[in-house]
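Each chain carries a letter (A, B and C) given by its place in the written order, and its residues are counted from 1.
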Amino acid sequence: MSRTIVEPPRLHAALRQSTPLVQCLTNAVVSNFTANVLLAVGAAPAMVDIPGEAGTFARVAGAVLINLGTPREEQRVAMREAVSAASTPWVLDPVAIGVLSVRTALAEELLALRPTVIRGNASEIRALAGAGAGGRGVDAVDDVESAGGAAAALARRSGGIVAVSGAVDLITDGSSTVRVPGGDELLTRVTGGGCALGAVVAAFVATGRARGVDDLEAVATAHAVYSAAAERAAAAASGPGTFAARFLDELAVTGR
Amino acid sequence: MSRTIVEPPRLHAALRQSTPLVQCLTNAVVSNFTANVLLAVGAAPAMVDIPGEAGTFARVAGAVLINLGTPREEQRVAMREAVSAASTPWVLDPVAIGVLSVRTALAEELLALRPTVIRGNASEIRALAGAGAGGRGVDAVDDVESAGGAAAALARRSGGIVAVSGAVDLITDGSSTVRVPGGDELLTRVTGGGCALGAVVAAFVATGRARGVDDLEAVATAHAVYSAAAERAAAAASGPGTFAARFLDELAVTGR
Amino acid sequence: MSRTIVEPPRLHAALRQSTPLVQCLTNAVVSNFTANVLLAVGAAPAMVDIPGEAGTFARVAGAVLINLGTPREEQRVAMREAVSAASTPWVLDPVAIGVLSVRTALAEELLALRPTVIRGNASEIRALAGAGAGGRGVDAVDDVESAGGAAAALARRSGGIVAVSGAVDLITDGSSTVRVPGGDELLTRVTGGGCALGAVVAAFVATGRARGVDDLEAVATAHAVYSAAAERAAAAASGPGTFAARFLDELAVTGR
């Protein structure tokens, strides 16, 4: 079943009003950009990712992001702590799983704890679904549509939403599927373009739940808002550096 | 007693001439932005924060910043090492203390070692003074003026300066108080806006001491320079992304 | 013997076509900027730096960067693992060695494993060659030309290339030397300006080897491309913040 989504600015406006607190246990490369994206979009980032604090904070956060990009030992402990404590929605971003053993084992362990949303590129989703060997780092080697079956199977197995990023994003709950076109190739030239989307997804799901919007629609709306901002930013940019700055500007006006 | 400050560009020019070496043991989210802010303002950043090196470096640094935003175990050891070794001024930024147990205990331990300056938002200052429960992450829930009493008490207890950031910043040594208005709301939309100020404060205190400027005035000058740059940057920005870039540009011209 | 280099855009175009996978075990301050520089230049960054994964990834990466800026314990283990596993070229950036004991010992240990390229400022190169006491943090206290003898001696000892960054960069294999002028002072006002160059060097050496270009020329080409982009970026910038954004833009067009 194919679904369409309501006007994204409406949910984005609600997000701004509620300023959801999004706890991020994310990779070291993109933590700054992710926090700035969350601030721009209207959420409140909190990168609380050490043992002894991650669980405490997860109990008050509106949503939690678990991103496996640089899973140092201390952070892995904190991730388990946060997911165990969280009663709020949480997003799993299985960065570069497949070949790399530490994160792949961790992703499978976390998958069993039923993430609200799993977000990744086609290679990562196929790898987590057991249908592929993974990509080379964060590159999306596989095509989004080719991962549609794996995404749906993974959604049914996890009981949550699976979102696959690419030229056209695909979001599925295992029975219904939404496709979000748009965005811009420049977003793939900024490190953390996909990782920060995971945090935005967390913010929208938290907002959606408080407004009676189902998770599938909230995730798709996050993707749509993100893609629209990227398109506008690209129109004002002269390359990936100015694009990144403009992208934050555009995320800050979307939905106003 | 209320104090005014001398023309900020003069001390900033002195800072540029001396290029104070500021060692930062700061959080992972803002280390890049903090280093860029220090470079822009004319200081020399050095993020030396591992055990076995932090103490060695603290003995040659002009000032030290201790920021508790992401206090991993190895960094906590290095923080203790740096503070014990430092004979130079050091700044404590008790990010998000109150509810989170690891950093709150560490902040109290470090407070006993008498930081030259404590910098934070109203929630954090009240929490460190024992007058509040802390905020939610890095958000300033409390109002600056409401934290004035706690700030003064904390300054008297630590024997140093306490600076509270907000719409109007409040800086006190426990008897005299300086208020620094200005700045721009966009600074709160860039992650590390407050954290990087802590590093700038360290640079100004180091510079001030070499020029016979007392710490209270040096801290207030740092806030004034920072706020003025934010105002000019906001005038040239179209949102938080372009603001961050322009803010660095403006910090680099201030005081020339 | 003094050498000249072929037209840099040609090798840069080849780099873009091959998208070399560059594994970075780099410091926490500059990992984001380094990844963005690699993406802009046309390479694929992968910051895989934890034990248990670093070696696995080094076997598939096109080149590896080892940067000693913030060498936490876990990363030090991963560095040894990556270098031992890598059969591809690897670059050593001995950030701030000399006084700081942990990184200095590690640099000497890694030097014995014969890095393909050693890149640093004059102080660092002199310190690694045993001819100086090191600088103060990442500052280049020594002059590039004064480090020429130390660089050549270090190249002969390591069997690789040594590149010294400064107003005029000096690249040597111990017998031939290439000097690359240009660049812009603003590059020294952006944290990671030198660190990210190490990653670009890695990308160019990987590309050069596949095209029959010798390492000395590939390293010099990387420096030339980097400097040219900095010059163009500086012309469009109003300070270090806008420079950093423009620099990424310019790296993305170089060689097209």
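We take it that contacts are C-beta pairs under 8 Å (C-beta built on N, C-alpha and C of every residue); 3 or more make two chains touch, one makes a residue touch a chain.
Bear in mind that the values here come from a model prediction, so they are computed numbers and not experimental data.
For the pair subunit A and subunit B, chains touching both partners: C.
The angle of the rotation superposing subunit B on subunit C, based on CA atoms and rounded to the nearest 5, is 120 degrees.
By the residue-number overlap criterion, the interface of subunit A with subunit C counts as different, with under half of its numbers used by both chains. For the pair subunit A and subunit C, the distance between C-alpha centroids works out to 32 Å. Looking at subunit B, residues 28, 32, 244-245 sit in touch with two or more other chains. Remark: subunit A residues 21, 28, 31-32, 35-36, 39-40, 44-50, 52-53, 56-57, 60, 74, 244-253 touch subunit B in the complex.
Residues 27-30, 32-33, 69-73, 96, 99-103, 136-139, 188-192, 237-242, 244-245 of subunit C are the ones that touch subunit B when the two sit in their complex.
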